[in-house]
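There are two complexes below, and they share chain A, which is joined by chain B in the first and by chain C in the second.
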Partner chain A sequence: MSTWQVERQEGEDGEVTLSVAEGTPLSPWDAGAALRIVGTPRTRLEGVEKVTGSAQYAYDVRLAGQLYAGILRSPHPHARLTRVDTTAAAALPGVHAVISLADAPDIDWYDDSKLFDPTLRFAGDEVAAVAAEDEDIVADALRLVVAEYEPLPFAIDIVAALAPGATPIHEGGNVESEKTYERGDVEAGLRAADVTFDRVLTTQTAIHHSLEPHGCTVAWEGEGVTVWESTQSIFDVRQQVAEKLGLGESQVRVIKQHMGGGFGSKQIVWKQTVIAALLAKRSGRPVQLMLDREGESLAVGNRNPTRQRLRLGATADGTLTAIDVTIHQAIGAHSAGGEGSNTAGLYQTLYACPNVRTSQTGVYTNTGPAVAFRAPGYVEAAFALETGMDDLARQLGMDPLALRLTNYTGDDQSKEMPFSQPDGLRACYEKATVAFGWGETIEQPAESHRRRGVGIAAHHWVGGAGDPPGYAWVKLNPDGRADIITGTQDIGTGTRTGLAMVAAEELGFTLDQVTFHLGDTALGPYAPVSSGSATMATIGPAIRAAAAEAKAELLAAAAAFLEEPVERLSVRDGLIRVAGEPEDRATPVAAVTGSMSPHMIQTQGARGGNPEDVSIQTFGVQCAEVEVDTRTGEVTILRVVAAHDCGRIINPTTVDSQVIGGVTQGIGFALTEERVVDAATGIVLNANLEEYKVPTVSDIPGIQNVHVGIPDLKANPTGSKGIGEPPLIPTAPAIANAVFDAVGVRFYDLPLSRSRVVDALAARERQGMPA
Partner chain B sequence: MTMRTFAYAQPESLADVIAALGAAPSRDAVRPLAGGTDLLTLMKGDIVAPDRLLDLKRLTGLDDTVEIRDNELVLGALTTLTAIETGSLVGEHCPALAKAASLAATPQLRNRATLGGNLLQRPRCWYFREHLIPCWLKGGDACPAREGENGLHALFADSPCVAVHPSDLATVLLAMDATVTVRGDAGERAIAAGDFFVQPDEGRRRENTLGGDEVVLSVAIPLIPGRTSAYHKAMDRKAWAFALVSAACSFRLDGGVMRDVRVVLGGVAPIPWRSTAAEAALDGERPGADVFARAAAAALAGAEPLRHNGYKVHLARNLVIEALEEVTRA
Partner chain C sequence: MGRHRHTVTLTINGETHDLAVEPRRTLLDALRDDVSLTGTKKVCDMGNCGACTVLVEGQAMYSCLLLAVDCQGLSVTTIEGLGHDGQLDPIQRAFIEADAFQCGFCTPGQVMSLRGLLDATPSPSDEQIERAVTGNLCRCGAYLHIIDAGRRAVVLDREAKEVRDVHVAG
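Presenting the complex of A and B:
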């Protein structure tokens, strides 16, 4: 029933690759499918482990003789390391290994750099590392490392990096990449417009700040190495560690059972993993290297700041005639890899528009490298585009919702094919605005200085479609319980639970008859990185395929056991039933599997490729109500209503969790979060959680997630798409538009910090406008 | 970051602490430790590196008693912020102080942090707190915040340093005419809060006049019949943030006009910033929107905004008005 075909492909350089086509045809779970587990709210399988503290994170690993490690970071944003001497550090009692430019192996890193590079390109760049018996000794030893620097001119932002005569951060200059896209004729479209929007908008650098920092514990055994890593991709860690250390992939085992958040920042392998492996090799001991909060802030990714000049045009009836955007984004000191920050994507796809031009330039700066951060690019673009749309609606005297619906499209115009779910976004508009009461008059507080307003923003997202290949195995044990095994990872999103539900559903088992295994490259089959909101849509169908084969074998065995034709048999709630027979005559699965022991049913499922004739996207709409105190500039979010199309909802509980978490991050991005770099020294001034202000529980209002839940039957046989990233995308513009609605002040720069809001309100007051 | 190695001692009496402080080779070498919510962060940030800490929490001679004595509300230096926030005597006699405590930090920090330590905490200026940057307050040549990222900095700095005083409580205490009692080698002295906090200068790169051998014993707030007070604080988020700007105001009504008026701003100067100009504008006047606006304008009249903190002028003006309105309502 499953297929497996190999095709030889030869590249222009003569390199031969084998393309594999595989998969198991399954009938999709359509809207009418009678599902018993999928779609019901379930708490997390690992919930008790987490709240009782027994869940093991990378930090919790304790091995015999384990050492702890730390990193010395560059105090300069751009410098040549002229001398580094670790003699005194190495001599400190309790220190077992040191590594630096002076003695590091020659390992390539990033595009044109080294694991320990003589040129340091951001304040926080890795200079040396130490492994010692405890963290206090590590800190003392790092203070004993002698490092001498020759400071170089530096550029910490887009403007400085592109200025004539700016210091080149890499040999080719400071332009990392340029991408352009064009359809139609934007100048003609703008000429045809009755109203236009033309503004420069900016978004800030945000830090992921996962609760659990990056880090790992590494132990060698002979020539093989085991890495317990806080990562979104155990198989990428395996491949990268093997490549950097010159090992075979099978010599590297990567384990990750639980994770305290990654948000994109743990989708690539950062230097500390390989540094820890080298320190472990040198010391002959296991080494744990967890970053501190400062390291998290400086060296393991951020959301790239953007500067976007946006021009929009529309006719008097609200029809968009042109979208033209010129985007610059500061990618930091290096191209870190991973999911790209495609800020231009939203402009090309969200609205029907015949004339679209996007230009996106990545710019090197002497700051920590950017990396994907939950819907990279789209969060930044949504602020600008949805601010512009709100402004157009005001100019036209149109309801912002009506303007959006006027420009609705069911086609992916940039790919020139229909969406797999052309009505997904429409359903989001309906669900969100009905639940919110969009269009209803809001009640204003009695005090005239407290003004309320509402805002709306929409998005699509290029992720959520799944990222094949990906595999799963099913074992049916003699006791009638199923083991589900995949090489994916649960990055804190509830993957275990959702995937176990898919397995139990397809097998016809109860959820507690299923034991789920993941997060170990040695014990599970390949699964890709958990990024792009892909995991459910990638691994769900693979699990369904493996479970379907296992069920077929189980029913064949049951047919022999019961001496009934297989056509009359089915499995439900873990019991094998014979059509037409009474319920109480059902046979427990264990009776069948036990009778064939020690033989077991063991199957594999593969995720087939995505369809090529539709564009699979996810969509969402959020509405926000805010109150602004015009005297103090305080912005209070009163409520957020979200509706997101993620196809079939597997587990409503964890989908709600994703939306609540995403909106929370969106509120931080909208109001308070911003990395601050000192222009004079290039040093990050708020590399901590005191001055880098994430929202507190007091800042977060009630967040209502309205389930859309339309199975996307063209996407994959589960009909489910990802929900991880989307909930963060429209939050900031919905809030900014609500602030405009409340006080009539438009903000073109994020975040809407207290200082910005007060300044804008004060400026308006000086112009004689009412407070 | 991890702290450097230090010794820890639990002296038995306050006299032992004072003697040890007096004998210390430098002010930073030996430090008293109470709640530790500021000192330990300074040590972890490598801003100070004492050789020895003297734990004040279990010795005789220093306490967390809150009581009425000689028509004053007296709070022991070890009183926690939680006790100030929730205690009935403070709530009854100085609700603005209770509110200031409730708006500081987080419940966990308030359980630990003490009144004495709160008054003595160092500025949160991110240049001061960054060990890689040798700012003036730490002994460097110049203040990098003057030309740098100074959105959180001072409007009134009669000092090379433009950091702001971080204490919520201190702002209220100035508005309540509180006195701070300290004890050192030369004995005990009571200092008006307005004299306790002094802008740093070349000879004293600190925000207060506490002697090197002195320890804060208690704080006393005179109980003036009919006087009411209010504290308003603007933060970057709803909780767990130091004040961008705060305002503490108090007065009593005498025949319908305001007397004993105090207007004190937080977050605008290296010390809690009292505005006698604003007080003069209010004294003898009936409460009202116009006079409040005039007083608020007077309070900010001499402000010298830096590049990024001009918003504080507008914000401070309106917080003064809000606080005065609340005092009027009380």
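Presenting the complex of A and C:
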């Protein structure tokens, strides 16, 4: 049975908070557990809805009298809004509401700013918004808004923002945050090294480009409001909308059944949700406000660009003696919140090293605010660290795999405790390199301008462990079917299916005896944001707990119904069986649940706490083979093999899709994706899907996901950890290392665009080095 | 309103619709907002991504690049128009079997691009399958499974056609 304990804590300011410890003790499904559903490949529960177009996304809500809305954005990277006049826009036939600095309520936003602020800090900052009867009228009305600006000096990148005399983007200057970490003595470690690496590496700004833009549909009913939002967190939207509008949480209902991609960018509440709510209030009509592709590119998050000076040292046998990194990352015009971009984390944890120093500085720039993008920080750090490791291996004449294994650790050195699965990364190395054929000679094409190479990269990831709180309900209906209800959301990752499998497994039901409900704050219990690869590991145990309790009650009822001792009863494939009795005498669950109608078995499960003596991490290794055309600089990915430790694999089908999808995004990050800002004007030059190059079907090679699948029995009672973010982390460095292997030129800056590659090859030729 | 609207008659999924639209109204907006067929998705609105792909007179087209008034008298098939007698279209079945989507937002466009291909070319090569969806972006990165779905769909489509032919002959 579940436990629930509450403890009073009083802060220095006298504020009282209650901390809650709860959970249902469950023995983990160990490696020998005979599981019938978990671990088997299953197609998605929502498949039919998605292939028929009936799946309702926020963009697809159509309400009676619904208006459409749009936002006017600043054309300047930094300016004072000296005048805004929406009179003509408001007078346009078909326009029902406008909002701007001239008449907006005083609502705080970001650090020290407002929903509509007189200071505009990036090209794309919100200036005004209108709601009208169709999207064409919205566009006409936005053109009629009169806005006058006094341009201010601006800084669009790290170097400019930190230069002496740079324009301060916020009071207090352009340093947003500083974090340092140190263990051992890196200078002594570097002195003890036989080989060193010392380089500045940079990674670019990437845009999430979820195909469904950010946005929502909002409808008021009295003092309550319903928000259909494209979000990774219905409960955070509820809390934020309530706070910004001065409502109670229970006056706000947030619904999200399907979402067209988020990748981190939809884990916080952005301005347009509150703007839409205000427009709906003013017009007395439901309002849909979905961003256009330009707004999506400018204003609702990006992967922060980084500049990392990395120093590594190793002795002749490959033992790392020092890791020293100084990281600057441009967080854009505002601290947007959400999952932090912990670029320093990988350096502190991936390799055994006694001497580590990290320094991470967040820098304000006059560009759109950054927000978590699938494994924030780790993707950026992996490029730099794994490039450096590859370079050390070359200097030492060691195999890059051997160098990594030499510095293997089963301990989290920053937390000074073992990993919950100390052999997870080792298994990834083995699985990936065996499947890839690491160490085998690759065949070079006959044409001398086509050069092939292979590369490897590894990672750990701080996410995937899951945390309390998170809840689920189970309801056994008279017809013998189970409803599973939770307030989490399926962000496209297969959450519904994986969690339904956990429920069916624990109940002893078939998967089609389970109906899954999520994505509605009014109808389901609390679940946290879907971020940090945490949903399976947070909600899976809660569902297992609720299902275990429901099964116990079901068996007790069955014992009475069948007049058998409960110890002899079990449930399998939706049938209640009596030990020792023939299979064909099994009793359908419905016979028992129907006989107690209208009484029903209804239970709640809560996510318990994590163990305090181990560090729960996820791990992965990828190997890539590439071909470089030395005449054009084109890098073609020939194949990628991935092996990731996500604990027990609940649904191999959706894990494969996650890994293949992550590698695909990684290929884009490695080769083509980059937000380009014009240095002279501060304007984003490729705020669209024409000139911002995401991978197409023709860019993607064979990607093989090798299952690791070691249940992490210390992590939680399902033994499963997250796989959402990790597959993107090692892809770019594996590719960059393969490019070096192919052409002998090291790249320290991403992306490996054709121009960058061809320029580097030309520069080498000019230096008279052999091609 | 004083807005200049034209009446345009479209055959959408076999049904006749008379719409009063401004000349600048795209077929995409007409489908989604005037007819409430929201299966067709709006992503880039400028012909870069393929999420709005529909069949116009049997040809896969980006509906964001077509004006509704230019489609007078034409036959349009959207994702909602696929499938017969309550059965999924073979391509839809193949997408589910191959797990050829994650978020699903690009899926209607991908399916319609392949429907256009298979209607014209019942036994396409792998290259033709790839070519058919090369203008359909998938940000979740399901491309490998989309190609797999295309291959499966060729087989399923042939089987479905044989069943239909038997019914017709019978």
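Basically, the second predicted complex is superposed on the first by the 769 of 771 C-alpha atoms of A that agree within 3 Å, B and C clash if a C-alpha of one lies under 4 Å from a C-alpha of the other, contacts with A are read in each partner's own complex, and residues count from 1 in each chain.
Convention: a contact is a pair of C-beta atoms (placed from the backbone, for glycine too) under 8 Å apart; a residue touches a chain by one contact, two chains touch by 3 or more.
Just so it is clear, the model here is predicted, and its values are computed rather than measured.
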Inset, instruction - Mind working out whether A:R754 is in touch with chain B, chain C, both or neither, as first, second, both or neither? - result: first
Legend entry - First (chain B), second (chain C), both or neither touched by A:A680: first
Inset, instruction - Based on the superposed arrangement, let me know which partner A:G39 touches: chain B (first), chain C (second), both, or neither? - result: neither
Inset, instruction - With the two complexes superposed on chain A, say which partner A:G318 touches: chain B (first), chain C (second), both, or neither. - result: neither
Inset, instruction - Examine A:T632 and indicate which partner it touches, taking first as chain B and second as chain C; both and neither are also allowed. - result: first
Legend entry - First (chain B), second (chain C), both or neither touched by A:D136: both
Inset, instruction - Would you sort A:P286 into first (chain B), second (chain C), both or neither based on which partner it touches? - result: neither
Inset, instruction - Would you check which partner chain A:P726 touches, where first means chain B only, second means chain C only, and both and neither mean what they say? - result: neither
Legend entry - Which of chain B and chain C A:A762 touches, first, second, both or neither: first
Inset, instruction - Could you let me know whether more residues of chain A are touched by chain B or by chain C? - result: C
Legend entry - Set intersection of chain A contacts, chain C complex versus chain B complex: 135-136, 292, 690, 695-698
Inset, instruction - Quick one: which bits of chain A touch chain C in the complex? Just the residue numbers, please. - result: 43-44, 46-57, 59-60, 62, 68, 93-94, 134-136, 208-213, 258-261, 263, 290, 292-293, 491-494, 653-654, 656-658, 660-665, 688-690, 694-698, 700, 702-703
Legend entry - Sites on chain A touched by chain B in the complex: 75, 135-136, 138-140, 143, 292, 294, 631-634, 636, 671-672, 676, 678-681, 683, 685-686, 690-691, 693, 695-699, 753-756, 758-759, 761-762, 765
Inset, instruction - Quick one: which bits of chain C touch chain A in the complex? Just the residue numbers, please. - result: 1-3, 22, 24-25, 29, 32-33, 36-46, 48-49, 51, 78-80, 82-83, 88, 92-93, 95-97, 99, 101-108, 111, 130, 133-134, 136-147
Inset, instruction - Spell out the part of chain B that touches chain A in their complex, as residue ranges. - result: 1-5, 124, 126-127, 130, 132-133, 144, 147-149, 151, 234-241, 244, 308-311, 313-315, 318-319, 321-322
